[in-house]
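In what follows, chain A forms one complex with chain B and a second complex with chain C.
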Partner chain A sequence: MTDIVVPEGLWDAGVNPEGIVANWFYADGAQVSAGDVVAEIMVEKSTFEIEAPAAGVLRHTLAKDGVVRAGTVIGTVDGG
Partner chain B sequence: MTSNRILPVSRAISEAIAQEMRADPSVFVMGEDVGVYGGIFGATTGLFDEFGEQRVRDTPISETGFIGAGVGAAMSGMRPIVELMFADFFGVCMDAIYNLAAKNTYFSGGNYKVPMVLMTATGGGYSDAGQHSQTLHGTFAHLPGLKVVAPSNAYDAKGLMTAAIRDDSPVMFMFHKGLQGLAWMASPDGAAAEVPDEEYTIPFGEAKIVREGKDATVVTLSMMVHHALEAAEALAGDGIEVEIVDLRTVVPLDRETVLKSVAKTGRLIVVDEDYKSFGLTGEIIASVAERDLASLKSPPRRLAVPDVPIPYSRPMEQFVLPNAGAIAEAVRASVKGA
Partner chain C sequence: MAGNAGPVQGPPLAVEAKRFRCAAEALRRQDFFEGSPFGPGRPALLIWQSPRALLAAPGDARLRSFASASRICAENGWPVATRRGGGRVCPVSPGTLQLAISRPVSAGVTVERAYREMVALIGRLLDRFGLRAACGPCPGAFCPGRHDLAVGGRKIAGLAQAWRRVEGEMVVVTGASLVVDECDADLAAAVNLFYRDVADAPGCRAAAIGSLSALAGGGVSPCDVAEMLRAIVQADREPA
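And now, the complex of A and B:
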């Protein structure tokens, strides 16, 4: 099982430390491939795409609109 | 190949545009903030990075100029997608829209096509006041020569956008801001949808029954489809089964599907986020009255914006916009009126 982590340095956390999960692009339990854009994070009005780190079954740890910081685990991919 | 991706409407639109741009070098995009910014409502996100500034062109704030240029480009063999940031801004560029885009095919005896998509954001509900909140479906539908599209979900948005780009007539592609799935503006759950990876088209003039029922027909489109679905859910608890027709395109208008549904249910409620008088709601009711008045078991009803500008004040705006509660009430009154 691989964590889906909000990368460090995606935005200037000194200006605004928090963002939200703006959208999940696959349902909880969906099959995804490595590199699929599975979610987007919004900080103020800018959005950042989050890719699946591996292939497998996607699980949402954090629901849409949940608050994130750099390093937050928003979900997992279970390759079985 | 199908996909299990759930895309918001904004990404469905930009994907449709990207796929047509890859396939056809004559397709290009221009408008205010469509390039580097990606469209203020996300409809052109990612296009600038892939296609560059020649094919995704940021324009000055001069709608008359760039929409007129779009018409000229379309008549010269290109397939422009031009974004009018808010439908409300049509006032400054209406000559380019309705005297040039809409009529040049007719004026030229059919010698020139105008294969242009005029993409524009509609709708209110988020306190953006009277010049940023209108839908104006009826304003554009009223003018001969324009096709008018207003999707309610991401699947329809992609298929309708692809069809719009391939169409040889000017198409008004009217997307509702509150359906786009933007991170900074809430959208109803049903707006995002599973969207196939590959390109596909949805033919214009084919309404969709989004919920079947036997007691009353609600005809609507765009954002109001979601309010109607919420109303139908509440009414089902009272044993009233509502059929909901999502028009998807206003021009051409699928009167047949409306007539067939009303023939089944005997009751008609039309819901539009546009102004009430002289508009879509009246057109639908007139179409049924002309063709099959006897099918109506009770007087038809309509919900739309009373003929006032959209208020900035949140309580006042929420009061004038149709909502699930008002739709349910209208359906109940219609059913009791039999």
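And now, the complex of A and C:
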């Protein structure tokens, strides 16, 4: 199982520590390929695409509109 | 932290200035590099114009009222196109100029530094008119955010940003909409029309919106400004 992690160092956490999961592009339980854009996070007016780190079954750890920080695990991919 | 450093430093920007038939076409160029002469791997500045439109953010597109608001706005001359960058609705018109700096993401590129590159570019433009903008939230203006640029308390530019992979390259696109010569009341009315059925939407006030031409004493056209921006970027490419 591989975690889907919000990357560190993208934004200045001292200015704005939190963002949200703006969208999931695949349903919980969907089959995804490595590199598929599975989610989008938003920090203020910046959006970031989040890619699947591996192929397998996607699981949402955090629901849409859930709060994220750098390093937050928002989901997993179970390669079986 | 890197985010506290200055603007992005890197190769000089290529420049394309283009007038599009509609905002949706412009956004396909800006966000997806459709028809781009450069491709996502080359740092570039796109300067664009389109007929009147409202650029909706992804969050706007998820509003329950989105479809009906889009229809009503289009019937009133403000078709809605959805952009990749965040925030709220941003009005564009032949009197505004949209700028988009795209850079492939490499070490040291952060949200803040990419925003500062755009803020610095617009600051250099304003210098030519003897104007200085404050950077910070401008309450009551369209699409309020921490990187609003305002002169005398009136917003003349707003910024948003999107990070995405294009043709295998992770790219950050920092967009700005600059009000050059447009009626503040028309812009505010269009934004308020879009949000009229959204209970908690912040109202947009004409008095919170400015225009470069008015602030500079009049007679400034988007075409003039596009040429100035091109000259500023060109100067960066020439050896000192």
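Simple rule for what comes next: the second predicted complex is superposed on the first by the 80 of 80 C-alpha atoms of A that agree within 3 Å, B and C clash if a C-alpha of one lies under 4 Å from a C-alpha of the other, contacts with A are read in each partner's own complex, and residues count from 1 in each chain.
By definition in this document, a contact is a pair of C-beta atoms (placed from the backbone, for glycine too) under 8 Å apart; a residue touches a chain by one contact, two chains touch by 3 or more.
Quick caveat: nothing in here was measured; it's all calculated off a predicted structure.
Once the two complexes are laid over each other on the shared chain, residue contacts for A:E51 go to chain C alone; chain B is not touched. For chain A, the partner with contacts to more residues, out of chain B and chain C, is C. With both structures placed on the common chain, the touch criterion links A:E40 to chain B and to chain C. In the superposition on chain A, A:W11 contacts chain C only, with no contact to chain B. By the document's definition of touching, of the two partners only chain B reaches A:F25; chain C does not.
Applying the stated touch rule to the two superposed structures, the overlap between the chain B and chain C interfaces on chain A comprises residues 22-23, 40, 42, 45, 47.
Touching chain C in their complex are the following residues of chain A: 9-16, 22-23, 35, 37, 40, 42-49, 51. Only residues 1-4, 57-59, 62, 84-87, 110-112, 143, 145-147, 159-165 of chain C touch chain A when the two sit together in their complex.
The touching residues of chain B, when paired with chain A in their complex, are 4-8, 11, 181-184, 192.
Taken together, the chain A residues at the contact with chain B in this complex read 20, 22-27, 30-31, 36, 40, 42, 45, 47.
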